[in-house]
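Both complexes shown next keep chain A, but they swap its partner, so chain B is in the first and chain C is in the second.
Coming up: the complex of A and B.
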């Protein structure tokens, strides 16, 4: 923490595991999730969704629904289109990305099973659902394009004829001299085709919105389970014909998000539009079944990949050919091309390659749209990269940890730009790997594995190094034309009782955003953390900002809060200097009081300063500034992204008779720069790891050839349960970013980025005596038994 | 059609007329404004709606309100006020055994039920005991730690 003298003051909470101020409310059942809120005259909407993957809407008969008890209004796509304009999910900097206009309710044609088609508003949700059952839609089924491998083939139906074909986006990148590396006669080339299974976030609180349009004011207030309130303010305004200033988005407690709740969803847009139509509050709360077909899915990729390695252990090149199916529309406004684009950016990222070649092909299909889910593209890239590294190690007969040690970027090469054109300010791959191997006692674990193998118990060890994109600058979305702020602000205010209020543009979905902000500001101002309270998630009362996604909350929102806290302290000291007839530089704020900087002797409690400023300003010099509130903003400027890094390991046992995998232990060492709250960071890592393990072993959106989701309930879609998850040991290396005084980089996605790769490598290590390998996630018992030749 | 329903919720006598199809968790949330119990899946898998009915943990989404006629129901609100789960709540906060908090009321009921049946569980028994309750945020490790901590106190 030596570099951090500016934050390492008395009352500093940086680096301390402080409990979250909002947790007490949540354990008492006093959260305020959207579905908990009710407003006068509130009505509920339920949606008739397409039962077909692709079908023409020939006619809609809603007479019976309109006459049903409690029904207030039935709205079709054509009627909705008069109130809510369609959107197109493209970004200019993703060159060539195309998509078709998407409506809040399908007009003429539905393009995936689950697309909302008719909205029914009634006094209760139950009555709305009853009436949905009475709406008669005559469907004309159309051939569905389901298999992404066939999406571009001759004869496959083109989903949007106006676009010409089913290709949404393609990007090819070549860096260095990959062809020469692969042609080198002295090198060994290893290859495999990887599949990452389509899965989704399953936030325990489904998506929800309570939209309240007040026609008297012409203003919309949306209580929204969402990560990016300012982005939604823009979107609602633009597509409902309102001014941004007439839209207020409030995100109170959010019951899980993980990137699922940062996108524009047609049913949520329809709900806001219905409130405008009806002039009264309308609530939509997605139930689990409709969430499974309408929340964004992710990670539906097939990646053919190869790597060249010299016989003495230098990995020289990687080549990646990625194909991904994104559903019928690129999701607005972040687009569905980012995931494939990230695969191109991130593969091979931890390594000092001489050549790199990558391509992503992003195609339309008639399945639920995909978009950014926690650790966007990272688990895919890490699975491919680390799978290739293990294959290379096996091919040349080298220990996989040793091969990594020889090829990971050295810790002293930074700043460094790699062949994917990523710029790294400072990473710690070698230090993380060293710490990981020590933490897991790698040599002892290998000995145990080998001893058990001799007894017919098949255990495996898998390691995965990774990089993680955090703290995105405007290069992520802003340059592509999306009004998604890369900047965040914080306002910090001293109230007369000596307490401090923070309002921040970053948002809280359980990560501990509010704790992090309170810790930073308490230290920056010089007060006990118990005197600090935090407001987030309200476009009307917080500074403009991006919200919480892409691991940006602490690094960007935290830095803004730090600067605002420092500014408030300076304001306090100027006023205190005048009151105490002392030089401000000779004073400090500690423990909620102005003190003598040199001796620490208390001179003036903040509540006394507050009393004088607010109630007895007549006693202060006339020209003395009296501001006790400061706002500061921060946006990263030196680097497009603050990359972080880490290494994970998995130890597991495969039952070669049943194909079942038992996870025994998981380790993660990661480097998010300055650790503000070790406990919260560790829990971000652990939660992220388990979401990665879910995708690796359990979670799968399985579709029929006709485009019907076959795993659309939680009885069919398997989620990690506590009984099958391992203990997860977490450690850190700290390489603070020099871009900010705080030095914090993101930590929210590191766990998810590396876990599937570690598990893949561990399973293949366990299967090595049988010459069997699996590369298709989820690694189900059936797939493992197939690899073993047993079924 | 509505039916008469009388029961005790968090120690309070309640009389209401409800539709026979109304689930108990919806009755608690929508009729009694006890929004601490959450409907996470509405098909009995996730456990977010776990409550106590006559001392037993039940899924509020798998029981109809009218089936609770004459029953004694406790939700997170009542269990908080009575102090029955205070040690668990304190440990959950101290150990950050919750993130978004949506699963937490149900998880606390599951944890209390586990510790009642087995006051000194192993970590494996804790993991098994709360396996009927999904948490998407924490990865469970911290929840297991918190319950273990309470069991040792």
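Coming up: the complex of A and C.
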């Protein structure tokens, strides 16, 4: 029998659509989300939030609130500051980034509508809310800096006078020879100004934390709806004056996160501090209304961009000037400069340019803080890049797919470093585009579009190629001084009944992390997946790790699990060899039993091996190692990031009388390296695409000139719903990373990265007969009708 | 958010409802399907001290037809309205409207009485009632009074209902075999319309009732006259003088006016093709 590779072993589940082990429990309503948890003596907190975008807190009268039924404690910012120290969201490697100290409760000034100001703790959340209504705050309204375009202008109020101005961060990058490309008389220059609307990631489960400080042992246990338990362990310890080892963060079931639940929120910090103050468990569960003004927002960018293209179809250079408003503070600890920084890194990424120039200007304003949300910067960069490519195609009269084919990086140039200084180990732009065009039957679709156009039906086709940053190394946060692990560990253990337990530092928020881990470990050890149990999200019982964000769960957590699983198998084989008087190399573990490697004949079930090791160790040779548990860690070392790539296409119809867009079909071909579970990957892609489509067409945090969020409920903040979503067809090209044995890269953000650009290009294709174009998301009926000159 | 504390009372007869209204006065609110009221409570936009649940009052239920008139009880759920054969026959405009209202779960609870009493200017049923020139039956201890639809909607969320009254039913003269159409534009299916039009032919005349364009559902008599005379463009032009739509997150007034013209054209085509 031939040697089996690690992925085609008999118990390999790699590449199989195994159902998630936790799905039945969650669907049966037996999940344990933070709000399901009840602890003895638990109380609830509700927050009085600033009704103003910018206002001085002149005085707070909480006498009536303190006397209200059920109220346990009312805490103001000044009192809170004695227990919880402020934080500043900066990182050293983002040079020049500045921010002001931010408190868990605003101390004498509120800087955005929704900032928590007073905490009211009561027996029930309803009683806490009743009492919040009784707190009297005397406000001294201050002029608000709302419009990011004016943030740096003379006369605009500086939000934090100590910082000197409203500039949080600026970065300029020049690679190659952009100026020469733009100066070339033979080239055509196209340009546009793009707006990506401010939006937010709406999780099914809102943010929630149940903090339980036990004064008897001086330890805090936080049950937290969060993506990064170890990061939060550090943060709680640091700001509440505890040792890291005295903080335990438990993230059980988490109902969606999208990057929203990987940041430090003042209300959550306040809840942990309140538990310390009161010495009892305190629960905070953000409702939808407060979530809309306090969950991080994202993507509020204006990008002026241009590209140079030769008349025969070589895109030579791109230049972008990005402006983004991030609210009054850079969010801790990942900072709010990362999104703008990513825009600088990612624009033009799929293409072989000769020159690239980019700048981002990140400014403070009195709006909800922004930070990293699914596909950080990617949808922005892809919208700009692919919008320019379509303009270039139109300018030189070339088919947009053909222009991409000519300019996308060739599939054999890797390793490759581009003019933004990104290093690509191996990408497959050409293969993805080829597959995409075949899948959508591009030529037939164009013919259909053209035939319908003649009948007054305006359909458009839009294509978008993209790159996606996954598997981040310490270069993402660690080098900037943040205690955010780029390494993850997995511990794999064989129990006496032959079952396998795995504990991993990456976390599950609904995307199927635990299914992925179970699949990998079942195969690596050689047991049926039904015999594998997975624990994630507990700083006390899992190896240290970063959690799940930036599409790192499978690529990093999965590799650690694979290595740990292999190590456990080796341990099993050494013990089995002694028991069976065979060479370990002549044995294997398959189907939950030790087998003869050559014939596959069963020699010893794992439960028998477990029985002997754990209960009759006396019968084994004295010097035989008996470890049936192995821990392995993994962190990417060769490349700062494992880039992936893909291409998407949208086919849609614009009703040119109403400006309404009907999505007809969407395609995505992406390359996340080894596909571990096709169903999970496809659903990640689809979910990501839908989030991208939401941003492109519907979702928008709209503010009044005074800084009031006008789209503050789900009646006005329009989420994409299944009825309006098109069929989304997904396919893959697999270019495994050679850094790991598993070869997996990330897939969590690909869908979101490319969808808005594909829609933008499709709308503009549909509008082409009218010479109308839209570049401001969301592409609403009003904007489309304005472009058409109808309103 | 959690609602402010409130008491709850369930009535099974109209007499009980009147007693409870008398006892609690303005601090009480009637609870029908709860699809608008409960949301308002949760948002603390409303904080009545008592909810009077009328779901058990048999006199408010049922759909019947007699003497050329259709009577629809106030507690008729949207889903029942959409599935009822008498409604389909005598007031097909209502049946056409139902699929546009919210989502299945909400249609299973929400009632026509609740929708009309709430009088959301962007809701379908108030405009349909106006286009159908229906009569609303308002009941109080003194007895019933009948109010024409055009007199019922008085302002933003304001109706002719008095504090001691319950909307008991709507009565509609049969529109069997008369063309009608409901047109609306909403960003997502089930959302309140940006602009909507309930159009009902009426033996030589035409009634156009708009929703989403003002504080109440609105008729546009000049556009009606032009359209009845076959002048679609004239009707569209007349709208500029008859509609004064608000600006909101969907866009400027010009957006709604433009969309209203488009809907008018579509309604004219639909009525013609009927």
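Going forward, the second predicted complex is superposed on the first by the 787 of 791 C-alpha atoms of A that agree within 3 Å, B and C clash if a C-alpha of one lies under 4 Å from a C-alpha of the other, contacts with A are read in each partner's own complex, and residues count from 1 in each chain.
Basically, a residue touches a chain if its C-beta (ideal position, glycine included) is under 8 Å from a C-beta of that chain, and two chains touch if they have at least 3 such contacts.
What you see is a predicted model; the values in this text were computed from it and never measured.
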item	value
Greater chain A contact set [chain C / chain B]	B
Contacts of A:287 with chain B and chain C, given as first, second, both or neither	both
Touching partner for A:319 - first (chain B), second (chain C), both, neither	neither
Partner chain(s) touched by A:711 [first = chain B, second = chain C, both, neither]	second
Partner chain in contact with A:734 - chain B first, chain C second, else both or neither	neither
Partner chain(s) touched by A:254 [first = chain B, second = chain C, both, neither]	first
Partner chain(s) touched by A:126 [first = chain B, second = chain C, both, neither]	both
Which superposed partner A:36 touches (first chain B, second chain C, both, neither)	first
Chain B versus chain C as contact partner of A:686, first or second or both or neither	first
First, second, both or neither for A:749, with chain B first and chain C second	neither
Overlap of chain C and chain B interfaces on chain A (superposed complexes)	126, 287, 289, 713, 715, 720-721, 723-724
Touching residues on chain B, where the partner in the complex is chain A	19, 21-22, 29, 34-43, 45-46, 48, 75-77, 80, 89, 92-96, 98-105, 108, 123, 126-128, 130-144
Complex interface listing, chain A residues touching chain C	124-126, 129-130, 133, 287, 289, 657-658, 660, 698, 700, 702, 710-711, 713, 715-716, 718, 720-721, 723-724, 780-782, 785, 790-791
Chain C residues touching chain A - in the complex, by the definition given at the top	1-5, 43-44, 185, 187-192, 194, 249-252, 254-255, 258-259, 262
Touching residues on chain A, where the partner in the complex is chain B	19-20, 23-24, 26-31, 33, 35-36, 126, 201-206, 253-258, 287-289, 509-512, 679-680, 683, 686-691, 713-715, 719-725, 727-728, 751
